[in-house]
Amino acid sequence: MGPNLWANFGEAVSMILFCIGFANLLLHKNLIKKIIGLNIMDSSIYLFLALKGYIAGHTVPIVVDGVQSVDAYINPIPSGLVLTGIVVSVSVTALMLSLTIRLYRRYQTLDLDEISKRLKKEGL
Amino acid sequence: MTLFQIILLIFLVICAVSVSFSKNLVRSIMEFMAFSLIMSIIWLTLESPDLGITEAAVGAGVTSILFFVTLKKIHAIREGNKNEEADK
Amino acid sequence: MTEAFILIPVVLPIVAGLLLEFIRKLNKKTMNLCVVAVLAIEAVLVFMNMGKIGAEVELFELTDNLPIYFKIDNLGIMFAILMVVIWLLAGIFSFEYMKHEDNERRYQGFYLMVLGVLIGLDFAGNLVTFYMFYEMMTITAFPLVIHTGKKEATMAGLKYLYYSLGGAYFALFGFYFVFKYADSLTFTPGGVGINAGSHETLLLICALFMIIGFGVKAGMFPLHAWLTSAHPVAPAPASAVLSGIIVKTGILGTIRVIYYIFGTKFIRGTFVQTVWMSLALLTVLMGSTMAYKEKLLKKRLAYSTVSQISYIMFGLSLLNETAFEGSLLHVLMHGFTKCGLFLAAGAIIYKTGKTKVDELRGIGKEMPIVIWCFTILSITLIGIPPTGGLVSKWYLCMGALKSGIAVFDILGPVILIVSALLTAGYLLPITIQGFFPGDDYDYSGLEHKEPAKTMTIPLIVLTAGAIGVGLFSTPIITYIETILATF
Amino acid sequence: MKKLTNKLLNWLNAEDTSVFDNAMELKMQEPKEEKEETVEQRMRDRLHIKDEVYSESETKEVKVLRIIYRTLAIILCAFIAYNLLIAVSWLPRTGEFDKPVNNEVSARYIEKGLQETGAVNIVTGMILDYRAFDTFGESNVLNIATITVLILLRRNKKKLPNEIEEKENDRLLEPKNDVILQKAATFLVPAIFLFGIYVILNGHLSPGGGFSGGAIIGAGLILYVSAFGFEKTEKFFTEKTQKVISLSALLFYCLAKSYSFFTGANELESHIPLGKAGAILSSGLILPLNICVGLVVAVTMYTFYCMFRKGEF
Amino acid sequence: MDFICNFPFFSIMISMFSGIVSAVLSRKAAKWLNLISIWVIWFLSAVLLYYIFGTGEIIVYKMGHFPAPWGNEIRAGLLEAGLALFFCSIMLLSMTGGRKKLMGEVVEEKHNLYYILVDLMLASLLALIYTNDLFTAYVFVEINTISACGLIMIRQNGRTIEAAVRYMIMSLLGSGLLLMGICMLYDITGHLLMSNIRDAVSSIYSAGTYPVPLTVTIILLTCGLAMKSALFPFHTWVADAYGYSTVSSAAILSSLVSKGYIILLIKIIYRVIGFEVYRASHIIDVVFVFGLAGMIMGSISAIRENDIRRMIAYSSVAQIGYIYMGIGLGTRYAMIASIFHILSHAATKSMLFIGAIGLTDVSKGSRHFEELTGSGYRHKIAGITFAVGSLSMVGIPLFSGFISKLLFAQAAVLNTRKMLPALIVLAISTILNAIYFMKTVIRIYTPTEEEGERITMKQEKVYALTCICFIALNIFIGMCSQPIVDWIGAGIDMFA
């Protein structure tokens, strides 16, 4: 373990969240849980990014009364990236949810194993 | 990193874990909403209110609504209430 | 660009075959005429190419320093002539025979295509071109094998395909290494320089792989099983050329690799030679014994092919001049003989429908010409003087004795002789039973079943050729010595 | 404590939402919602599947496969977590200024951003002017997500829809006159709209911007619908509306951005006034682009909701 | 700056524009718009390629008024332009080949949506090829993923929905890892532009600061892209997705989408991490091993299939394994072989899908081998197409597959440490290929007495034309491989 673990507490938490989401996505049989895990994963990455941009003692990157110096504002880039990322994740979530609805209409269940079993049985 | 932020982060972890533990889908989605709200607060404390507003509007707002509609579509909500009654 | 003319014999049959595949309205007679015309022209062209020895042409480059490159040399022209002659005869035979098979058009088309590919195989000037035509031959010969479309035919065809492709990949595997360590892949007599450096063993293993790989086509021991199931199911003319010619391409490949790429010096005295020799001898013995036990006529002939081809393999594996002459002589001899034998078998099946050996009692009374030819060819194959078989086997034994390799110089001739006896054992009884069915045989049921001229004439010509190879073996030997002189 | 460990074990084996014990989302619809024989058919299927899963023949391999999969997955997650934590522990310290992240790039955004883009909110200026290509791609992500949702949930009018889709349509439940909700909505919806419009219009001056504002307006629409029912909205919001709005917004976005990319790359001078910094009508293309994004997002959110609810506008 | 330098930007914008507009068009109009835009992009890329050959210098195009590290930037070298040209042609052929099927399989009022998906897919592929900015790459990877999902489930039966779900889950995991890698890289270098990142990474690498995060980043990027491009352990969705979606989707997915991710990975290796640094990290051996495993396992599961399209899908898993094996060999020559194999496999696999659909049409629409018997006679051109594709896959000379296998073998021989496993697995997997493809071809050409409906070339002119173009393309790649290899080499040199 390196020296900065405690200083990077936030990043560490975001990594743990990332892995929780990953495990949800891998382990749960229920699609809704999978999707929630996906969302958790994404927002943990965004948390990581936002922490990267944060500088203690600096303020929001909105120019107030003409002060334009680097040591007044935090780094604006990660915020922009996160804004883009949130859009992507909400679109993906909507897509996954609609897929879920269709799947349920077709098979009356959300368990992929059972669905593949039924497919094997129907043989189509 | 202030104590406040640390507490919020711990809340975040708790929410995430309880999402994956809770049996009831409605409950887990509630917890996910809480997760998003805490996340937006954290972003506010991280001096990036853009993200805070966006996350509050999207993560806690629209996404959760979509989740609930989906739950209704897959007949989980009614059953879930029944289960809770059964638990009582 | 006159050099490019040497490619005409390669292109012509392929084009003709493709046309034949796609032209629908063409009645049998005209089709047969076209086929025989193409074959004749082909023969003439190939003979003309004899004058052009040393002509070379490079088409295009696959990747850098891998050109598609043709060159005519003595060896190639010799194989080409053998192939084209036998192809012509078997083609003529097939006109009559194929009447009781359906979709002739497909058969004849692929028949022509295979010939073109084979000529390309003979004229190939470097390893990659050779490999290309080798694969193409495997693919194009496939329809001939499964022509009848019966289940066992398809199964045998699959077996043939998998074995051949597998063997080709064995060869390819070695080819990759050779491509790295050899100076060039052009066939140069006596071998291109191989700067193995510290990877001597690796390259020897590659050589063994390539021998085994090409040995698959030649039905050498570990991977011979396809031959005895694929040859019998094909229609008789096809099986004649399959076992008279196409197995020879394996021989050609082995010669090209060992004598023209690696060079005999590289192999001599290594474990590769030993393994090769022992495999060949094993195959000789096994093939003849299996043939001796076999009851089906065509299958018996196929097994005998296995053993006879391994004579050639053994001769090549000895790596000295005499054995080499013997092998090439045996190539010619076996080509004529085995093709003739299969044609005779085909004639018998065509007229009487008998496939088992035991049913052939008294057959000689019914179709004397065929059986006489059969007899002469059998004698040639066995090697009873004064036929060609004796000469080639004699050279092989001399080579073996000269080679002075421990054990094998004695073991080889012994096994050859034993297998010759076995050959007599499995071929002569057919004749004997055919002519002397025994006293209890009633001659009443006999009727004259002599097949049509188009079937007998090729048979007779082949028999004459087989005898001729024996009688005029000296000029052939001198020709082969010109090949040897280039090493 | 023991309960907790049990829960952990359950979670690891993911038995909490197993197929066959009380997992509510796997119950079937009430029989009254569909024909009898289909129910029986499905019951039979379900029993059959149960046998398949838990019959002695299959149990072993299925279970073994599951266990292998789970263990592999857990090992993977643990591995990733471990590596990531180690990596984090080596990363530069949070909240400090001298990090590779704070380099000339962000410096220029902060120092020249106002002059070059005219946006007071540096983030907006960055995402809509400096790195506009990403944002263009992002709005296309929204667009294509809408397309896929339409493909999935849109009921095609040509062939008559099957009974499940019929029952799924929530318009059957209307009208539901929930007085409290409607009273609250009458106060809330205008406020929400106003707030959203404010956020959009001030995107370049204050926190927020097209995306958040659009999301807020979309939420307001959704609230309106759930209060007053669909037939109110169908008066002013139809498929045509969605198509026209999103098409025009995206098209304007595409063309405007292509114009500025082209002029920028070919060193031409783009005749777009930046205006006076801090005013509403300033910062060149950013304001219209914000409006476009807001429209697209609002329409998209509402479209998602409609599609989910009833499969049509 | 020449006007031609605008062409990469034009081609991206044209496809996006047509994607946006198609939403309101009718079916026919959308189809024509799609066709025209692909053609236009094809010509633009061709001109661009010619121009770059002429000048021999890289086109760097800044998107907006601000130079590179501040604004976005796209960058076109030889390799990029050629790949764009190639992808356009494959896309065109797949669309024309599968259009007739599309009519039957997709609801009529959703056709224009399909064309929107295809347009945006092309746009994202082009952007992935051209972009010089990691975050832009991420955004377009997401567009690519979503549109691929749409392509899978545009034909709606249970199978495709389930396949789409599986695909989405797997590729979302992948993009999560990818994004995390990008963020970490951004944190330790402070840049998002590929060139700057590479300078920063090389200085970091030489200075020895942040060794651990760098390695983890490389692992994350590679794993993410490998997951998305269906490398062996992550290939569970492939069979259903390729096997049951409509045929042009299957062709596009198998030949372009996964290849787009691999192209991105190669770009990252060369332009972001730097080839030397990447080779120094041991992830490359892992990639090699997984590639070998994929080569074997894919072929084995393909042999077990008795459904022709699923078989083809599994074989593409094996081919992806080849490509990763080439990347894992870690030499410039092996990289050339991999890129060549990307081309040849893209050509061959789409060809196989198109041929297979023709065959299943004449066998009562069933894709099982029993029904397919003798279909090669009932539908001549499709049979020939499938046979040529199979021969190319098996690695018969004159076809493209042989050349790529040859290049792989040469590359493997040049690498002494990994030579033996690579060659042995290459041989084994080639033989396995031969087994299942030859089995299929023989099944197709086994004559049957039962008479199915016959389809001649005149009935389906467009389809026949497509098949002929495919065959010509394949043989062209197989015979004139030398210039292609030179071009790839030059393009790779332009990368650095």
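Read from first to last, the chains carry the letters A, B, C, D and E; within each, the first residue is number 1.
Here, a residue touches a chain if its C-beta (ideal position, glycine included) is under 8 Å from a C-beta of that chain, and two chains touch if they have at least 3 such contacts.
Quick caveat: nothing in here was measured; it's all calculated off a predicted structure.
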item: Chain labels contacting chain C and also chain E; value: none
item: Mutual neighbours - chains that touch chain A and chain C alike; value: E
item: Far-end chain from chain D, centres as C-alpha averages; value: C
item: Relative to chain A, chain with the most remote C-alpha centre; value: C
item: Chain pair with the higher count of C-beta pairs in contact (A-B, A-D); value: A-D
item: Centroid spacing, where centroids are CA-atom means, of chain A and chain B in whole angstrom; value: 13
item: Approximate Å spacing (C-alpha centroids) for the pair chain D, chain E; value: 29
item: Chain B and chain C, separation of their C-alpha mean positions in angstrom; value: 79
item: Residues of chain C engaged with two or more neighbouring chains; value: none
item: Junction residues of chain B - those touching two or more other chains; value: 1, 20, 25, 48-50, 54, 58, 62, 66, 70-71, 73-74, 76
item: Shared-contact residues (touching 2 or more other chains) in chain D; value: 11, 17, 23, 25, 29, 84, 86, 90-92, 94-95, 101-102, 105, 109, 121, 123, 131, 134, 138, 141, 144-145, 148, 152, 168, 207, 209, 211, 304, 308
item: Pairs of chains, among all present, that meet the touch criterion; value: A-B, A-D, A-E, B-D, C-E, D-E
item: Contact set on chain D toward chain A in their complex; value: 11-12, 14, 17-19, 23, 25-26, 28-29, 42, 45, 48-49, 52-53, 70, 73-74, 76-78, 80-81, 84-86, 88-97, 101-102, 105-107, 109-114, 120-123, 126-127, 131, 134-135, 138-139, 141-142, 144-145, 148-149, 152-153, 164-165, 168, 205-207, 209, 211, 277, 297, 304, 307-308
item: Chain E-facing residues of chain A, complex; value: 2, 18, 21-22, 25-26, 31, 34, 38, 41-42, 45, 48-49, 52, 77, 81, 84-85, 88, 91-92, 95-96, 99-100, 102-103, 106-107, 112, 115-116, 119, 124
item: Interface residues, chain E side, partner chain D - complex; value: 1, 5-6, 9, 13, 16-17, 19-21, 23-24, 61-66, 69-72, 107-110, 113, 116-117, 120, 123, 127, 133, 135-136, 139-140, 142-143, 146-147, 149-150, 153-154, 156, 180, 184, 186-191, 200, 210-213, 216-217, 219
item: Chain D to chain E touching residues, read off their complex; value: 83-84, 86-87, 90-92, 99-105, 108-109, 116, 129-134, 136-138, 140-141, 143-145, 147-148, 150-152, 154, 156-158, 243-244, 246-247, 250-251, 254, 258, 260-267, 270
item: Interfacial residue positions of chain B with respect to chain D in the complex; value: 1, 20-21, 23-25, 48-50, 52-54, 57-58, 61-62, 65-66, 69-71, 73-76, 79-80, 82-83
